[in-house]
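Each of the next two complexes has chain A plus one other chain: chain B in the first, chain C in the second.
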Partner chain A sequence: MEPVEPGKNAAVAEPVLAPGHSFGSVTDQISAIVLTRGTGKKWMGGFAVAIALLLMLNFAITVLFAKGVGIWGINIPVGWGFAIVNFVWWIGIGHAGTLISAFLLLMRQQWRSSVNRFAEAMTIFAVACAGMFPLLHMGRPWLFYWLFPYPDTMTLWPQFRSPLVWDVFAVSTYATVSILFWFVGLIPDLATLRDRATTKIKQVVYGILSMGWRGSAKHWKRYETASLLLAGLATPLVVSVHTVVSFDFTIAIEPGWHSTIFPPYFVAGAIYSGFAMVLCLAIPLRKYYGLEDFVTLRHMDTMAKIMLATGWIVAYSYIMETFMAFYSGNPFDRYMIMNRMFGPYATVYWILIAANLVIPQLLWIKKMRRNMLTLFLLSLCVQTGMWLERFVIIITSLSRDFVPSSWGMYYPTRWDWMTFLGSIGLFFTLFYLFIRFLPMISIHEMRELVHKTEEEPAA
Partner chain B sequence: MNDSPATVLSRIQQRSLGIGIVVSAICAWGAYVHWTRFLQAYLVAFFFWLNISLGCFAILMLQHMIKGRWGLVIRRSLEAGASTLPLMVLFFIPLLAGHARLYPPPPTTGFKAVYLNWPFFLGRAVFYFAVWVLMAWLLNKWSDDQDRTGDPVFQARLTRLSGPGLIIFGLTITFAAVDWVMSLETGFFSTIYGMIFMVAAALAAMAFITVMAMILARYKPLSEVATAERFHNYGNLLLVFVLLWAYLSFSQFLIIWAGNLQDEIPWYVSRAYGGWGVIALFLVLFHFAIPFVLLLNRPITKSSRALAGVAIALFIMGWVDLYWIIEPAFRPQGPQLSWMDIATPFGLGGLWMAVFLQKLRKRPLLPLHDPRFEEVLEYD
Partner chain C sequence: MAGRRLYGLMAEFDTPEALLYAARAAREEGYRKFDAYSPFGIEGLAEAVGFPKTRLPVLVFFGGLFGCCGGFFMQWWANVIGYPLNIGGKPYDSWPAFIPITFELTILCAALTTVIGMIALNGLPAPYHPAFNVPRFALASRDHFFLLIEAEDPKFDPKETQEFLEALHAQEVSEVEA
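Let's turn to the complex of A and B:
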């Protein structure tokens, strides 16, 4: 809650910016990645893999449009398969970015400065991946605009009692505000790139994007006001989007879906997987681009602790779901839990418990939080766990609900897998382009941090 | 203004003790005359003060974890609040005595037959209190040791206990709420229920602590450190808890309303119509909408007086909230206020305040060896 300023708190906490940096060194080091260091071989290699996965996604989608959703494993009763699992997973990942950029800005937590830019980029790309899935799942995605309440001649009107319609508004608002917030934050840095660019093309492109930024006092004042306002708008969205996603389930009376704890549980789970993704991206990035001065161990440690805390909210929710299934005395709820634990998808359930609850407890140990390899592996483990959690919620409840005669198993087909892995390709393609063409750490916020550190020298 | 905090606190303590003894005696007479009605009123009053004790306990651990400067000024009050938990054990005795009268008999078969039967119910109550009392004692003891020796090892211990401590707090208060309140209506269940109780406890305690901070900030030494910025922090914390309370309560309502299932919906049917419906609306306005708008205003959160006004309102609304959650179990047709509904919180509260202030008075009002201490003096 309380701001932990660099320098001010040096007696108790490590710095959020390694000592010895000046305005110039910060600007040089971050802008060089985009302007002068050129395209590295490793970047090319990673980008090639991402593009290959993206092409696979395109192929899978082409076949889907040609043949229909029947190529997926979905059936009656399991009408929501991988598409919805992936939707919830991706949109959850996005939440950490907004939390870091908006909520922590309002809380004046300055450690956010060095991670917020790429965390926000992660949000936007994750929302892009997420938004794709419900559209693909519709069967006739070219009619998606029917979801909007516009005056038409078909006497068609969305069902406003359906949370699926709320989703349309929640997700599109979230995407809009996230993009705006990200772009506004980029403007001063784009101007820096424009001024430092050496070729005409770069100067023109960055020049157009920086929207005439000259860095006057008036510009900065308006910039600060706009940032605060956007942060104020974005903060409730962190909670609202995943709350609405949780309503997709809870508003139905399906056993295992209709549970009052879902809204806070989904939000916590979203932040849990989101921070895992931020760590997964930050750990290789800081190593490969030598950004250890900006993204310090302090950041890693803090984010690991947030993961641990949100992980426990998720754990609490599992405990409550299980307890209430028995306490309620409702035979369907009880069966739902027993079916998850010992039914046909029991293996998935227990892997989920191991990956989401048991293994992440290693984060209590400081050494684990500060060893980048273990932290990276733990983050992957949490992301797997959170994906499996959505799988368990969606598939076990749909495959066996009230009447045994309407039960049915769900098995993903190769098209399901190709679409899922392909969406990871889409995400990383966008992300690779981002780190190549835009400053992945906010240059002007780092300058501000240098200023503050100099003003109050570390004790 | 020339008074020292010690004399002010001791004056409040004497008055509280007086009120506590007199009102408790009158309530004891009420219990003798109308045992069932007394128990019903008493349960609300008991939970009201339990919320304050447990909320102090939880926020104390929270500030040990987050290490924000806001925690320094209120740390002693939080510790004193947590140290009232042994008193809550004493307050629990009438509920045990009236257990059979207050709670419907558990079903004879199924999970509830095992879970809600008397020995298990009692055993769990003993367990919750044992855990709370032990942890609150440790938090206070290490704090005393820190004061005496200045050894940084104690701060490390406090921080180390607080992480697991918060998890234990969350689980125990949840099951306590299920055992002592949810079980009043046998059919009802809700997975978010425990979280609502956690947040209600934190909100009530934060409101109480804000008022205490306002009183203490008038005198040295707290007047030196309790700046407008600190009260702004407390205002923000109150705002966060108000929002969380509204978010969780509305989530529960929307999901149960939309589901409209016969197990769950009666809980809201009795609470949303007639007299209870009026109280529900009152809660929406005064436990959420109005405090929310007020707490967004910096002039209010930065003035200790104005903020304390909002905090007092929230403190009282905490009781209304519990009344609305608990009482419809006995009177689904509508509220019937008894004098004991009003008297019992004062009876328990007087005694609670006396114990709280006793603890608060015993020690310096600022933890001298808190690592944040110098920082606050230097920069605020």
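Let's turn to the complex of A and C:
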């Protein structure tokens, strides 16, 4: 670290792009990862692990379809087991990607340029994992299309007042818009790959995907207008998606679910776990692909700070939830909180509090934010915490509701674990393919960043 | 190039500032049918080639409006007219419950209009464009900047335009086959 003058903000002085880069050098370095670097041994090793997990998922799903959801640990009263925990966890992870690409674009945060591409990829793959679970969770998954308004021969229509139907629209819109946003961002980079590819197959494939993009000034004008419009549309969308997910809970009268704090609490939690995932991906990526010039310590530091801030919004929600349980005078709510803290799932609750609230406070220390190993471990810790949070919300409320005669415990089976770990395999399989075949950093935005940093005289 | 029609003349520059200057100069000189190519969007370049405003936002507005009205109508028609269901004694037309999906469909239709509109207005996918006949044009997606004046421009003259472009300190001026 270079010394910084006293009174000067270190984060402002630090560059978002290492000095000495030109339009050509950023283009060459990023496109070389895809075009000339080849398939490395480490890539193959990681991909093999991911594929193995994916195969395990396929096995678990095959058995599930053959035997039904009875192989899972779900029962009555706990009808929402791991499937819904995983669904909420994955969709939350996706939120950071959209936030980086859309919200930070509107805020004109230049540092987003080097992280938005793989963060958006993360979003799409996380939504793919999330979208799978509600379908698997259905007793008759082949009838999933009943959720959509389609011309039915019996003139039946979906019940549009149901939050579960809202969820279908929110998640499918989110998946579509995320893919559109990602693809639009990729068009000029695909053209770069087309122009730089040396084999016929690559030229043809990237050529078709880039649709004949030639960088015309008129095209850029429409392109940039479109990017800005998409950002403006995606920002409220991302907030609405986790809000609708939280409606799945709040519309029910279950103690611990029926609460107005859920939408902001869920959105903050989503961003919290999402940034943790971005860091988890960025730290190994920049190391193994030598991208320290593009994804600098400043990025790491900024994202760690966002994690810390959203972590406190989540902490506030936990505190409010507990306070309201007592303040409301509602005996069921009060029992729900006491049951969470001291009931049969108390261990899970306290691990969640440690992983989500206590340990991440290390992020206040600058050295922790700048040591890649501790930051990586802290991100894993937050993701575990956020997964446990969804587990606690779903399982404790369902297992002990109003009437003691309807109480029951939930224990996950090995099929639950295989499906959960398998979804991580699906995510990483897709991610490995992405870093092998597409530029993981937006090349044209990096060129623009070079241009902007050239214009501004160095501070 | 024997026997092939001339599409235009292409000048190559190595900085965005040079291209911007050249585009403005070409406009002042009276050229109208020309385009500039760059590896990233340059502020002011679209205005310089005579394209100050795009209709895209208007299209997106109507796309969003369609999604909003259509989305609400779909739910209202299905749950009030098509197949009325009594849910917890609530009125059939319990419109606040229709808002989330109305919102999602507004965003969906607006986003689809944005992307399809951008691609269609740009005339993409374009499997062929004469500019690609210049081998060095491959650098337009790396670090070089190009100005292409079309032969169809009324002011175009192979010799004069070539001289004009060279006077702008173009690195290289090449003929583009149609």
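Some notes on this structure:
We adopt the following convention: the second predicted complex is superposed on the first by the 446 of 459 C-alpha atoms of A that agree within 3 Å, B and C clash if a C-alpha of one lies under 4 Å from a C-alpha of the other, contacts with A are read in each partner's own complex, and residues count from 1 in each chain.
In the analysis below, a contact is a pair of C-beta atoms (placed from the backbone, for glycine too) under 8 Å apart; a residue touches a chain by one contact, two chains touch by 3 or more.
What you see is a predicted model, and the numbers here were worked out from it, not measured in a lab.
In the overlay built on the shared chain, the residue A:Ser328 is in contact with chain B alone; chain C does not reach it. In the superposition on chain A, A:Met320 makes contact with chain B only, while chain C stays out of contact range.
In the superposed pair of complexes, A:Val403 makes contact with neither chain B nor chain C. Residue contacts after overlaying the shared chain place A:Arg214 against chain C, while chain B stays out of touching range.
Touch counts on chain A: comparing chain C and chain B, the chain ahead is C. Of the two partner chains placed by the overlay, only chain B lies in contact with A:Thr250; chain C stays clear of it.
Of the two partner chains placed by superposition, A:Ala66 touches none, neither chain B nor chain C. When both complexes are overlaid on chain A, the residue A:Thr225 reaches chain C alone and has no touch with chain B.
When the two complexes are overlaid on their common chain A, residue A:Ile261 makes contact with chain B while staying clear of chain C. Looking at chain A, you'll find residues 161, 247 touch chain B in one structure and chain C in the other. Residue ranges of chain A in contact with chain C, taken from their complex: 22-24, 27-28, 149, 155-161, 163, 165-166, 169-170, 173, 176-177, 180-181, 183-184, 188, 191-192, 194-196, 208, 211-226, 229-230, 233-234, 236-237, 240, 244, 247, 444-445, 447-448, 451.
On chain C, the positions that touch chain A within their shared complex are 16, 23, 35-42, 45-46, 48-49, 51, 54, 56-57, 60, 64, 74-75, 78-79, 82-83, 85, 87, 90, 94, 97-98, 100-101, 103-105, 107-108, 110-112, 114-115, 117-119, 121-122, 124-129, 131-132, 137-143. Chain contact summary for the complex, chain A toward chain B: residues 1-2, 8-9, 11-12, 161, 239, 243, 247, 250-251, 253, 258-264, 312, 316-317, 319-321, 324, 326-330, 334, 364. Contacts from chain B toward chain A in the complex involve residues 66-70, 107, 110-112, 115, 163, 167, 170-171, 174, 178, 189-195, 233, 236-237, 247-248, 251-252, 254-256, 258-259, 261, 263, 371-372, 374-375, 379.
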